[in-house]
């Protein structure tokens, strides 16, 4: 995939639970941006030198591995220019901006250290079962 | 050569003519190069914005629909919002930059350009709080007289910033309810769409006193209104599709929000065949013919921001379908020129290419490739 | 909701938690996210720089040759030059930014990063005069003790800037002759290559007194030395190919410039078959084995900056060819790790991909795609 | 061609004299950057809002149209981020940086108004017969 964010396809969301660096990894069901694992971070940790956002948008993602749905709280890693690797746009359950907590076009760096508000990449930690 | 010459008091600027080159570096030319100006904008002058997938610098291309030529471009910072005066005299961006590329000191500003020379005619400092979100056209909007600019702030709380473009200075932040988008109906009045599902009418006076009046709720909670409706400032008409292709019409030309007869673009049969709305700017509105253009395709649920291969043209008054255009490729955003022989602009973010079609026949007239890294937004003066 | 609340004295920062969201925006998590640190650099820790075809922002990727993983990245401004301390403790860039993206107030600076945390450990202001040119590795060079940095200034006149990295401050500009590139042989001495075809030895003392001594001319005027030679700081060895594949060797380890026995990589027969050097960084040098790697291909004259599909490996001492590696694709830049089991790094600017090969066998071990828009430069600590 | 500067090919320089927006147009024989005609300028004029450089590097380019060689003084148009359209890298007669007047990796904005030194695109005016 080029640096261009690989939008999902019209066929719809078909998640896998084996490769976190691919856009169809199940936790990325409503991610809009870059997978931190490809940028020096991991599925749930930010890359070196970035600033971890304490705020997040949320989505419920189905895990084909255990047939359970989980609430994911997508956290942005901020304070660097966009990573540019593993760009993805998935919108399962993504709501318009007037429902911000479910909207993934927003730069969700609110509260990060140094007032960092530039977008680098996103991690997909679990809140709990949906 | 020995010995270090005293280092000049006023440091080097790194842009001087190199002394060690002398004449070799500046030749007399047969040609006489100048800096061009773009022609006077007409209804087919459009601006294409490349947010470049959240990069800290963005590009805003000036394109002439008549020729398919790029007339020039201006640079924006992180997620810069473009705007253009309805009289065609200027355009601009609301922008955010940092002192060390993507960190350090944040600086938000409004930059205004002469629409022919593309020279900066105003650089206005604003609070470092404009909403940083994917680029939606109607979050930063000029008032009808083009003398003021209104920009949205999401945090720390919902506010709208008022900028005096004419006198080139920031005025104040206006408190607003938990609402989004800015649709001016007058020079002191604008409408927003609220989380509750209402429209809010916001009026402000010279001293910053704000009056807010909300309409009744006009759409159900699961009728999700997309982030990028079509809005005609001159007609005072908002055309607001839902994910599933229901069109809400809001007429603010009277100064009050009047809800028109909403209608579904897709027939029951088409809905059964999974026809749904999809794209970044999936809707456009042509004032003169009162026609609505909507990007749609057969797609799964929750794929509302992905591209579509078809545009459905409907009469806003009757809701009837007039025609359907097959682009034969994936298109992410559309717009139409407002003249009587309108062009349909169809932008592919993935191909970084703008296709210019005859809006009536769908015939391709021009294509404009290499528009940055991920172009998504098209705006015009005549709107 | 009526009335505008007093706009907070200290303006909004646009980065606060949005009041209107409250708890919904911050959830307690099962996982416990942290900010990672990269591992301690080894000989296979490399940095890939993307000048992005003259864009005003550049990216500098930290890559682990052992795993082929991107460990992190830092942002640079316009044509930022990367450098890395020979002890592996820090790396950095010499960078240029502007207050309004690509215009307005220019600011040149040196930024130094901890090689594990990638946090900024120094941000040093320098005169706005560093040389703005395609990214050549040896225009911005640390002294052997990694305590000072030397950067090249082309205009208004040839000078070299001295920066005290240890005390994080710019010291002074040193006048130099019309010469280019900076190859330190000591902490107060560096060599340059001059327009006249000589090497200049430049020595500077604490008070800025500069001594310059030029060698004899060591190459003919039409023996064009490429802009991107290989240089081993630790071995004090410069490996300088010409467009046609003649290798000049300059040993500065003694503090004087000693010219080794130059040799031609291509045989007379190969020359007849139009074999020539080509690429951005077309040469690499492995200290331990004293082997030179040179990118070459069959090509017309004046195509010296285009990619090549082969690397020719020669012994620097004897000039003999040891082996030839076929990449099977177009490669623009190469580098080698300095350990005893070296990796060969082969970068394709067009594919934006780094290929990591076993330097002995040429077998591919990893490939690292999506390295920006036009990556061209590879550097390492252990050099 | 993508935004990537289309380097010339190893086969060498084969100029045409009909389409100035293509990298193989004869005057572009030693251009490194973007053709201003694709950026709102023309073969010999800068786009709106840029700053014209008074300095230049030079090259001798063969015009297949009249079988003459001409000296071209490539001028950069500066003060904007790189145009990104019609990127070309040709190196006919291009010399190393220590022969700067023939070197095309240098940002040749020296002397432009406002000290503009960022690179936008390049124009190819003629000095005279080579």
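Read from first to last, the chains carry the letters A, B, C and D; within each, the first residue is number 1.
Everything that follows uses one rule, which is that a contact is a pair of C-beta atoms (placed from the backbone, for glycine too) under 8 Å apart; a residue touches a chain by one contact, two chains touch by 3 or more.
The model shown is predicted, which means the values in this text are computed figures rather than measured ones.
Q: Most remote chain relative to subunit B, going by C-alpha centroids?
A: Looking at centroid distances, C is the chain farthest away.
Q: Just curious, how far off is subunit B from subunit A if you go by their C-alpha centres, in Å?
A: 25
Q: Per the centroid of Cα atoms for each chain, what is the distance between subunit B and subunit C, given in Å?
A: 39
Q: Quick check: how many Å separate the C-alpha centres of subunit A and subunit C?
A: One centre to the other, that is 33 Å.
Q: Quick check on subunit C: which residues sit in contact with 2+ other chains?
A: 13-18, 55-57, 75, 101-103, 106, 132, 154-155, 178, 373
Q: So which bits of subunit A are touching at least two other chains?
A: In subunit A, the residues touching two or more other chains are 3, 80-81, 84, 100, 109-110, 115-117.
Q: Does the chain-touch network form a line, ring, star, complete graph or other?
A: Chain contacts: none of line, ring, star or complete; other.
Q: Where do chains touch, given as pairs?
A: Every pair of chains in contact is listed here: A-B, A-C, B-C, B-D, C-D.
Q: Residue numbers of subunit C touching subunit A in their complex, please.
A: Going through subunit C, the ones touching subunit A are 13-18, 21, 24-38, 57, 59, 62, 69-75, 113, 116-120, 352, 369-373.
Q: In the complex of these two chains, what residues of subunit B are touching subunit A?
A: 52-56, 78-79, 96, 98, 101-103, 106, 132-134, 136, 154-155, 178-180, 193-195, 224-227, 278, 297-308, 349-350, 373-374
Q: Quick one: in the complex, what on subunit B touches subunit C?
A: 1-5, 7, 11-20, 55-57, 75-77, 95, 97, 99-103, 106-109, 111, 123, 127-132, 153-159, 172-175, 177-178, 204, 208-212, 373
Q: Enumerate the contact residues on subunit D facing subunit C in the complex.
A: 3-5, 7-13, 32-33, 79-82, 84, 87, 89, 91-100, 103, 105-107, 109-110, 114-120
Q: Where on subunit A is subunit C touching in the complex?
A: Of all residues in subunit A, those touching subunit C are 1-3, 38-42, 44-52, 54-56, 58, 71, 73, 75, 77, 80-81, 83-86, 100-101, 108-112, 115-117, 123, 125-128.
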